[in-house]
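Provided herewith is a single structure, encoded as structure tokens, for subsequent inquiry.
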Amino acid sequence: MLNPQLNKHGELQHLLSIEGLPKSIVNHILDTASSFVGISDRDVKKVPLMRGKSVFNLFFENSTRTRTTFEIASKRLSADVINLNIQASSASKGESLLDTIDNLSAMHADMFVVRHAQSGAPYLIAKHLHDTKQPHVHVVNAGDGRHAHPTQGLLDMYTIRHYKKDFTNLTVAIVGDILHSRVARSDIHALTTLGVPEVRAIGPHTLLPGGLEQMGVRTFTNMEEGLKGVDVIIMLRLQNERMSGALLPSAQEYFKSYGLTPERLALAKPDAIVMHPGPMNRGVEIDSAVADGPQAVILPQVTFGIAVRMAVMSIVAGTQG
Amino acid sequence: MLNPQLNKHGELQHLLSIEGLPKSIVNHILDTASSFVGISDRDVKKVPLMRGKSVFNLFFENSTRTRTTFEIASKRLSADVINLNIQASSASKGESLLDTIDNLSAMHADMFVVRHAQSGAPYLIAKHLHDTKQPHVHVVNAGDGRHAHPTQGLLDMYTIRHYKKDFTNLTVAIVGDILHSRVARSDIHALTTLGVPEVRAIGPHTLLPGGLEQMGVRTFTNMEEGLKGVDVIIMLRLQNERMSGALLPSAQEYFKSYGLTPERLALAKPDAIVMHPGPMNRGVEIDSAVADGPQAVILPQVTFGIAVRMAVMSIVAGTQG
Amino acid sequence: MLNPQLNKHGELQHLLSIEGLPKSIVNHILDTASSFVGISDRDVKKVPLMRGKSVFNLFFENSTRTRTTFEIASKRLSADVINLNIQASSASKGESLLDTIDNLSAMHADMFVVRHAQSGAPYLIAKHLHDTKQPHVHVVNAGDGRHAHPTQGLLDMYTIRHYKKDFTNLTVAIVGDILHSRVARSDIHALTTLGVPEVRAIGPHTLLPGGLEQMGVRTFTNMEEGLKGVDVIIMLRLQNERMSGALLPSAQEYFKSYGLTPERLALAKPDAIVMHPGPMNRGVEIDSAVADGPQAVILPQVTFGIAVRMAVMSIVAGTQG
């Protein structure tokens, strides 16, 4: 199992990470998503592509927002969705992750949407399904530890493509807590795959991981320098638990150095777009004047996110042409 | 935005409160509900009126009972329902109410059913949708603070109309904790709108708010006097937290003065009906002999409540003719 | 109401317990289930048998696993399912069990799937529906106290029939905490009803209830003796709360005496099957080498469980021919 996301015909059978995904598949997902954007505007926002399929939202880590987007995407594809908050269930009865998976597979699950605090959990599940010869069950990573959040990465790419058309002449800055961010990791892999020539990471020393340069990323600890001339700014959410920890002085101090204000935004290209994966901490990583301003495309990101998840789910399930 | 519930054609686009609702619209809701009462008796209890619509049950305050009635109403209208318990979600991540609304709207929500501990929260949401030019998203108030519970008020009116036919010759008594009751407020507005000539409020001084007389309500602290000759008795639930507080001596004392017993019920008209929004505190505000007796219409209220909510949702969504 | 499970035509209208169920009805359920096994393999895993019916999962005791199986079974029958976790709801507002039932019935519920920590709760509900003349509302027991877990018993029978064809020449051993197990009780009644000539109960004295001999069960405190020559081994889950209590020395000690190891399994017939209701405590009541070995049919039990629940629900609802 060299690349566990692809089957032997090179088709996507799980979405675990953007790392290692061929550019052609990324583009296929974005193209498919664009056909779904219109559906959400229709009177009857449903297509029967996954009718009768059983999708399990397996959230080992609480995230109402992400679960909701997958639940909506599933319902608009006409799938049956079962939400399982695993903390409250078998996990507390001491059942192992793989026993839980085996049990749900035995109920003829078609897809697991997995959120887990531990990096690699979706891989472990995909590997187990492979080892136990269950190729008809599919895994979509909805965020694992600090590792990856591939549907967020893909919806970010969809948004950039929508506003900027061509990736091959862009400068993109990612700002904030790169160290702990699975979104940043997924975005960097996606941007590189799609041929973005300059990716920048901006943040305090303590929140910039090692190895960024090897991934082709330019790092900046001075935000003003980093923002100069960029086409796209991806702000990251500052996790509450970091705000008063050893890595950062305080939320106010953080805003002073790395909050996106109108003044700082003015250093980017005039038509630069501002993105954020949500939920925002207004006044911490982003000023409300920017968040609600004309360059913000934060709400379109959410809209495109539903279409991208519908695309991923239907492609992975093999119900897409 | 003079009356935010109505659009410029005078059609209902949100249901926020019965206050300010024209009588014609109240009657239209009741008439529409009556067409839905039969559906729940059919073998297949569904109509396709809201197929493909996304309804979000946004419960910022826990209420399984009310949420369930809206969930059933949505499913019988063939809508897709997503239940969000907001305490456990973004609210805890510090996201503001309006950011949450913007996000869900961006997922192409069609309707928010909102329960909130703070009076006015559904108004705030409706105003925000108006200000951000999203007229296709609708709000139904499922209870806000002490302010209003309009679908309860409407189902109470449906029940009274069902048993009494004509509102214009009725005496209606509301008994209990009027001060803290959004149900009482909604009922008083509805009864007045529909032309009930005499509305009475019965309860201890400490639980009767000021200003009732200005609303045309007669107040009584003596229950026997207040019940004399009435056609309809609406009992209110005594909230547990009041029972041993400063406002009331004890649950037993309350029952002695304001519990509805068969003896007290005998003071009303012989064909008087007894209503209660549920859940009942048997032995506190109502005697079991009355709750289970022939004059109680408490369970029909529940049945009618589903039809009334189906009516409100389909009218507000504009899928009703 | 001699047998509250059957209507006056002798048809199943509730499933409360396997005790007292005629053999013909048990066989009818198993035959119906076998027609559903294939559906879960199809592309569209749905039949319209319960379209428009409202099924309430009333879980007064938390059990994500069992609730999930009923939720899937309901959705594959095209019913509308409403999950109610009753601890968090009206129960906490002091509403009685029967008031809750009356309310949900008034919403035109078609079926209650009931899990309750108290033995007899589903009977109480069925009796109340009978007394209040609501024959169109059906009850399925999803586990009540130590009393019964009839759908687990039926899926165990389905599994045995699948692998062993004929019940009338089998020796079946049930191993573990018989005293506290509703699964054991349901299995014993089912095995007896279907004509199994020898049922054995194996466990420490402290976990073997009195009265087993009167039910025709042979008891063994020595596991090696009890397993000799059996065709079927049903392992029970050891509840965590027993593991360090007065009834048992420790989990390790328990495994030493009653854990199912390959060596002990070798004492049974060579083609003996191993069953477990899940979730398993690996290394406590069962060795992983057995749980994952060729004689284990634990995952097929789960698969058959969905089909058996679909059969029970559609038969009880009267939508099955």
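We just call them A, B and C in the order they show up, numbering each chain from 1.
Rule of thumb we're sticking to: a contact is a pair of C-beta atoms (placed from the backbone, for glycine too) under 8 Å apart; a residue touches a chain by one contact, two chains touch by 3 or more.
In this text the structure is predicted, and so the values were computed from the model without any measurement.
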item: Same or different contact residues where chain B meets its copy chain A, judged by the half mark; value: different
item: Magnitude of the superposing rotation for chain B and chain C (Cα, nearest 5°); value: 120
item: Centre distance in Å when chain A and chain B are each reduced to the mean of their C-alpha atoms; value: 41
item: Interface hub residues of chain A, defined as touching at least two other chains; value: none
item: Of chain B, residues touching chain A in the complex; value: 51-54, 80, 82, 84-86, 88-90, 93-96, 99-100, 102-108
item: Chain B to chain C touching residues, read off their complex; value: 40-46, 62, 64-65, 68-69, 71-72, 75-76, 240, 278-282, 299-300, 302-303, 305-306
